[in-house]
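Below, chain A partners chain B and then partners chain C, in two separate complexes.
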Partner chain A sequence: MNSQLLIGYNAKNTLLHHLSGSTKLIGFVALSIIGMVTYDTRFLIGIFAFSLVLFKISKITFSEVALVLKVIIAFAALNLIMVYVFAPGYGMSIYGTQHMILGKSENYFNLSWEELFYIFNLFLKYTFAVPLALIFLITTNPSEFAASLSKVGISYKISYAVEIALRYIPNVQRDFRTISLAQQARGYEISQKAKLWPRIIGNAQIILPLIFTSLERIEVISQAMELRRFGCGKKRTWYMEKPFGKNDYLALTIVSLIVLTGIALFGLNGGRFWNPFTR
Partner chain B sequence: MVEPIISFKNFSFQYETQSEKTLEQINLDIFPGEKVMIAGASGSGKSTLGRCLNGLIPQAYPGKITGNCIINGKQLSDSSVFDLSFDVGTVLQDPDSQFVGLSVVEDMAFSLENDQRPQTEMHQAVQKWSRKLNLDDLLLHAPQDLSGGQKQRVAMGGVLIDESKILLFDEPLASLDPASGAASIDLIGQLAQRQNLTVVIIEHRIEEVLRGGIDRLVVMQNGAIVANDRPEKILKQSLLEKLGLREPLYLSALKRTGIDLKDCQNVDQVSRIDEPQIGNKLKTWTARTKLGEKSKKITKLLEINKLSFGYSEDQQIISDLSLEVKKGETISLVGRNGAGKSTFSNLITGFLSPSSGSIKFKGLNLLAMSVKERAQHIGYILQDPNQMISKTMIYDEVAVGLRLRGLTENEIQERVENILHICGLYEMRNWPISALSFGQKKRVTIAAILVLEPEMLILDEPTAGQDLKHYTEIMTFLEKIQREKGLTIVLITHDMHLMLEYTQRTIVLDQGNILLDASPATVLTNDATIKKACLARTSLFDLAERYSLPSATDFVAKFIQSEREERA
Partner chain C sequence: MSNKGNNSIKVVVATGIGAAIIFVLMKFVAIPTGIPNTQLNVAEGFLPLLGAIYGPIAAGLAIFIGHTLNDFVTYGSPWWTWVITDGLVGVAFGLAKNKLDIQSGVLGKGKLIWFNIYQIIVNFVAWVLLAPTGDIIIYHEPAKKVFLQGITTWIINSLSVAIIGTILLVLYAKTRTKRGSLKKER
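Presenting the complex of A and B:
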C-alpha cells in the first residue's frame, strides 16, 4: 500500500529528476525569496515562464497535481479579492499616479489601473513558485529530502525527523484504521450515516488509543536508532545523497544569475517596484 | 584458555523506578562463537539481561549496578550505548519499529551513515550483506512492502554491517509466522557459523529455537539464573517443566508414553533423538489409547455461502468461500500473512462488504445489519488491547458498549458487574486501566465485548507474546467462559501449539479460499498444506515419522487428547 499523501515522489527519467535534491531545494528557496521581494513585473513574468518551462521538462502530469493546484488557485483568488476589498486604493499610493477605470479616487471603492497592476503583480508572486515547489516535491526521492535539508544547513537530527515522519505515516494510518473499526464495533458511529456530533465523539475515542500506541512505538524507534549510533557524531553522511554533478553546478549558476538579475533590477528601478506609470 | 567474550560476575541491577533488584547475583560467561539461548517467563529478567548486553542499561534505563560486567573487553558501567554498539548488534523484537529508513538500503546503511562513512564504502557494505541475507531484489522496497521475515533480515543486515562479533536477538520469533520463524532460526545458525559470531537469543519459545541448534541454554527465574548448561542436560532433567516453561512437545509426548528421558540420547533435537526402545513404546501407547467420541455439534450458527471480495475484479482477496460454523465450536483460522484471514473476519464483522455471496447468522441475513448490530452477535477482539481501550477506568471501559446502546444505568450496572465477576475483574472495577498487566488488559477488552452478550467471539492472536503462564491463564479463561456461556470461538493465530491444544477444528486459508478444513492434528501432519500455508510441522509429527508409526495423525490426536484430559 502506498502512503496516501496528497502528492508524492514519482520516479521518471528527466533532467530534473537527476539533479541533486539539495540543488533543487536551494534553487527553489533562492528563487522564491527573490520573487517574494521584488515587484518588478518583467522579472516576475520571466521567472514564471522559466518555472513553467521547468515544469514541462519535469514531465509531471496534470492529474498528479490537479487537487493541489485547485486548492492553491482557490486560496490565491480569495486572497487577491481580500487585498482589493481591504485597500482598493493601495495601488495608487504605491505608484503615485491615478489612472482611474471606475469611480473617483476620493471614494473608498474605486478601480484604477495602478490597483489592477498591483494585484497582477501579487498574482504572479503567488503563482510562479507553485510549479517550483511541485517540482521539488515530485521529482525528489523522499529518501533524499533529509540529506538535502541537512546540506542547506539544518541540523541532521531535525532533518532526519522529516524522514522518520514519512516512514511512519503508513503505520499510523494503519493503526488509525484498526482502532477505528474496533470502536465502531463497540457502537460508536463514525460512518457518514451518523450525525455530526456523534461522529465527532466517535472519532475522539480513537485518539486516546492511537496516542498510546504511537508513544510506545516512538520509544522503540528511538532505542533502535540509538543502538545504531544515531546522534553519536556531530555530522552524518547520507546513503541516498546524490553527489553534485556538472548539471548541478550549471543549475546553481543559472539560479544565481537569475537572483543577481533580480538584485540588479532593484538598483535600476530605485526600489522593489517597477513603475510603468511615470515614464 | 579462551577468554569469555561476555562475562558477568556477581552482577546485580536495580531499575531506578523499582524498589527491588531485577537482576540478582548473575554469574555468566559466554565464549566467542557460542550460541546461547536465554529463556524464562515474563518478568524473569531475561530482557533486562539483554539490555545490559547492548548498553541500554544503564544509559536509557538508569539504575544501580553492582558487581561486574565485561563485554568484549569493555566495562558495562563505563561504556555508552554507542561504544557497545560496535561490539553487540541488537535485533529488536518488532522488526517493523526497528526499520527507520524509507527503504531497505537506507535502513541497512543507517549505522554507517551515523559513522560518517563515505558513500562508496556504504555501497560496498550494503552490497555485501544484502547478498548474504538474500535481500538483493528488495533493496529499494519500502518497509510496508515487506513481510515480517524480510523485515527481520533487513534488521539483521543493519547490525551485521557493523561487523560486530556479538549478535543479540530479543524475541526474534514473536512477530513472525511459523514458517518464517523457522527460516529465521536457520539463518541465524548459518550466519553464526560462517561469520564466526557469538549469538545470544532471548526467547520463551524454547522448542523452535532449539531446532536451530543451541550450544547452551540459560534459564532465568525471578532475576536469577536457575539453569545454565547444554540444552540436552537441562531437558533430560525436565527442568523446564518444573520452572513453568514450555518444554518441547515431543519430549512431553515421550514422557507421556512412559519413556525416561535420562535413557535417551540427543534429546535436544527431534531429528537426532536416539533410543531403540522409543519406537516400541510409542507404538504400544498409541495402540492402547483410544480416541474419545467427539461430541457432535449440530446447531448451525454461521452459514457462509460463496462469499467473494476484492478491491478489483482481477484481484480477489476472498473468492467463492463457503463455510458452516456450528454452535459451541472452537475453531482456529490459520494461513500465511495475506491469505485473507483479516479480510475474512472483517467481512463477518461488517467492516467490509462482500462483492457477492451471503452470510447468515442463526438464519438471519448478516449482510443487512450494521457493524453495530452485528457486534451484538459476533464480538471481535484485536491482538493489541491498547488499540481497543478508550476509557481510563475499567468499569467505564466495559460499560461503553451498553451506554451507546441506550440502556438505563441500572441495567448497565447489573450487566457490567456480572461480566466483571465472570472475568475475575470485579475486585478491580474501580482501578485505572493503566495499572493493569497486559493479560489483565486483554481480559478487560474481552469483558467489554462479552457484556454485549455475543454468541460468537473472533480473537486475533489472543496469546501473541505471552509466556506459558499468561498464555495458559488467557486460554483457561476463554475455555471457562465458553463453557459457561455456550460461546462459539474463532481464533486467528500463527501459534501451532495454541491451535493443537485448544481448538477442535482448523480452517486453513490460502489465496482467499479454504485449503483444508479438518482437525488440527490432521492439518499439522499434512506436509503439502503446511508448506503452502506457511505453517510449521509439529515435532510430534517428526517423532511419529522418525519411528514410522502407522498414522502420525492418529498419534498426534491421541497425545493432544490425553494432554487435554490431564488439563481438565
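Presenting the complex of A and C:
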C-alpha cells in the first residue's frame, strides 16, 4: 500500500551504479552545499542541467519517482507562496533596484522583477538537488552506503548506526502497520475521517506498543553484537566496500571543478548574489 | 571494562533503531497543522525517552539520521539548518538523563515539571532562535516567514513533548523496578 511512497535501491547496469558509494556521497554533499550557499542564477541553472543529465544517464524511470516528485513540487510551491506573502518587497531590498510589474513600491503587496527573480532563484535552490538525491538513493546499495560513510572518515560506530537504521526501517514499518491494523480492529479510528482528538488518542495507542517493542529489540541486538565482539578493534572492514576506479577519480575531479567554479563566482560577483539589475 | 563496552554498543544500536523509529513516526504518523512543513510531531515526543535512557549521543544522532533520511525521501534533499537544530535538541534532551534518572523507577511530579520547563526552553532556543537564524544566514529567506515557521514549530514541538513525551517517560519509569523497593524481612 505504502510501498510506492518509499524509493529505494534498484540495481541496474549504468555508469552511476558502478561508481563507488563514497564518490557519490562526496559528490552529492559537495554539490548540495555549494548550491545551498550560492545565489548565482547562472551557476544554479548549470548544476540543475548537470543533475538532469546525470538523471538521464542513470536510467531511472519517471514512474519510480513520480509520487515523490509531486510531494516535492507541492512543498516547493507552498514555500514560495509563503516567501512572497510574507515579504513581497524582499527581492528589491536584496538587489537594491526597483523594476515594477504591478503596484507601487509604497504598497505592501506589489510585484517587481527583482522579487520574481529572487523567487526563481529560490525555486532553483529547492529543486536542483532533487535529481541528485534521487540518483544517490536509487543507485546506491544501502549496505554499501555504510561502508562509504566509514571510508570518508566518519567513525565506524556512527556508520554502523546508520546501517542499522536503514536495515531496520522496513521492520519498524511492518511492526507499525501490524499494530495499527490490530488497534483499528479494536475500534480506534486514525484515518482523516476521525476528529483531531480521537485521532491523537488512536495514534498514541499505536506508538506505545511500537516504542516498547523496539526498546526490547535494542537490547536483543546489542547483546548479539556484544557476543560477536563488536567495537573491540579501532577499525572495521566492510564486505560491501568498493575500491576506487578510474571513473571515481574522474567523477571527483568534475565535482571539484564545479565547486571551484562556484567559489570563484563568489569573488567575481562580490558576494553570494548575482545581480543582473545593476549592469 | 566489559560494562563500558556494552554501553557503547547499546548507544550504537539505540542510535540506529531510534533513527528507524523516528523515520517511521515522521513519515507515517503526522497530523498536519496547515502551515507548510509543520506537523504535530510524534517523533519529537519520542526523543525525551530515547535521551533519558541512552543519553545525548544516541538521541542527538538518532534524530539527526532519522530527520535526514526522512527529508531525503520526502523532499529530495535535507533542509540542513533544521536537521542540525533537531540534532541539538536531541543532545539537549539527552543531557537530562542524569537529572531524570529514569532507571531508578522514581519519576515524581517535581522531575516532570522541571523537565517540561527545560524542554520548553530548549525548544525555544532551537526553533525560535537557532533554526530561523540559520535559514536567514544560509538560505537567505525572508525573516518574517522563517520566524513564523520557527514559532509555530516551537509551540507544536513543545506541545508534542509535553503530551507524548511525558506520557512515554512516565510509562517507561513504571516498567523499571523502583530503587529501594525491596524490604528486609523481619
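In the analysis below, the second predicted complex is superposed on the first by the 229 of 279 C-alpha atoms of A that agree within 3 Å, B and C clash if a C-alpha of one lies under 4 Å from a C-alpha of the other, contacts with A are read in each partner's own complex, and residues count from 1 in each chain.
Methods note: a contact is a pair of C-beta atoms (placed from the backbone, for glycine too) under 8 Å apart; a residue touches a chain by one contact, two chains touch by 3 or more.
Nothing here was measured: the structure is a model prediction, and the numbers come from that model.
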| item | value |
| --- | --- |
| First, second, both or neither for A:G103, with chain B first and chain C second | neither |
| Touching partner for A:V130 - first (chain B), second (chain C), both, neither | second |
| Of chain C and chain B, partner touching more chain A residues | C |
| Partner chain(s) touched by A:I164 [first = chain B, second = chain C, both, neither] | both |
| Contacts of A:E189 with chain B and chain C, given as first, second, both or neither | first |
| Partner chain in contact with A:G46 - chain B first, chain C second, else both or neither | neither |
| A:N203 touches, of chain B and chain C: first, second, both or neither? | second |
| Touched partner set for A:Y239, first chain B, second chain C, both or neither | first |
| Touching partner for A:E226 - first (chain B), second (chain C), both, neither | both |
| Touched partner set for A:T213, first chain B, second chain C, both or neither | first |
| Footprint overlap on chain A, comparing chain B with chain C | 163-164, 166-167, 171, 206, 208, 212, 217, 221, 225-226, 230-232 |
| Contact set on chain A toward chain B in their complex | 1, 3, 142-143, 163-164, 166-167, 170-171, 175, 178-179, 181-189, 191, 193, 205-206, 208-209, 212-213, 216-217, 220-221, 223-233, 235-241, 243 |
| For the chain C and chain A complex, residues of the former touching the latter | 5-6, 8-10, 12-17, 19-21, 23-25, 27-29, 31, 36-37, 40, 42, 46, 49, 53, 61-62, 65-66, 69, 72-77, 80, 138-145, 148, 164, 167-168, 171-172, 175 |
| Chain A - residues contacting chain C, complex | 2, 5-7, 32, 36-37, 39, 68, 71-72, 75, 78-79, 82-83, 85-87, 90, 94, 122, 125, 127, 129-130, 132-134, 137, 157-158, 160-169, 171-173, 176, 196, 199-200, 203-204, 206-208, 210-212, 214-215, 217-219, 221-222, 225-226, 230-232, 272 |
| Interfacial residue positions of chain B with respect to chain A in the complex | 54, 56, 59-60, 81-82, 85, 90, 92, 94, 96-103, 105-106, 109-119, 122-123, 126, 143-144, 158-159, 162, 346, 349, 351, 370-372, 374-375, 379-380, 382, 384, 386-390, 400-401, 404-405, 448-449 |
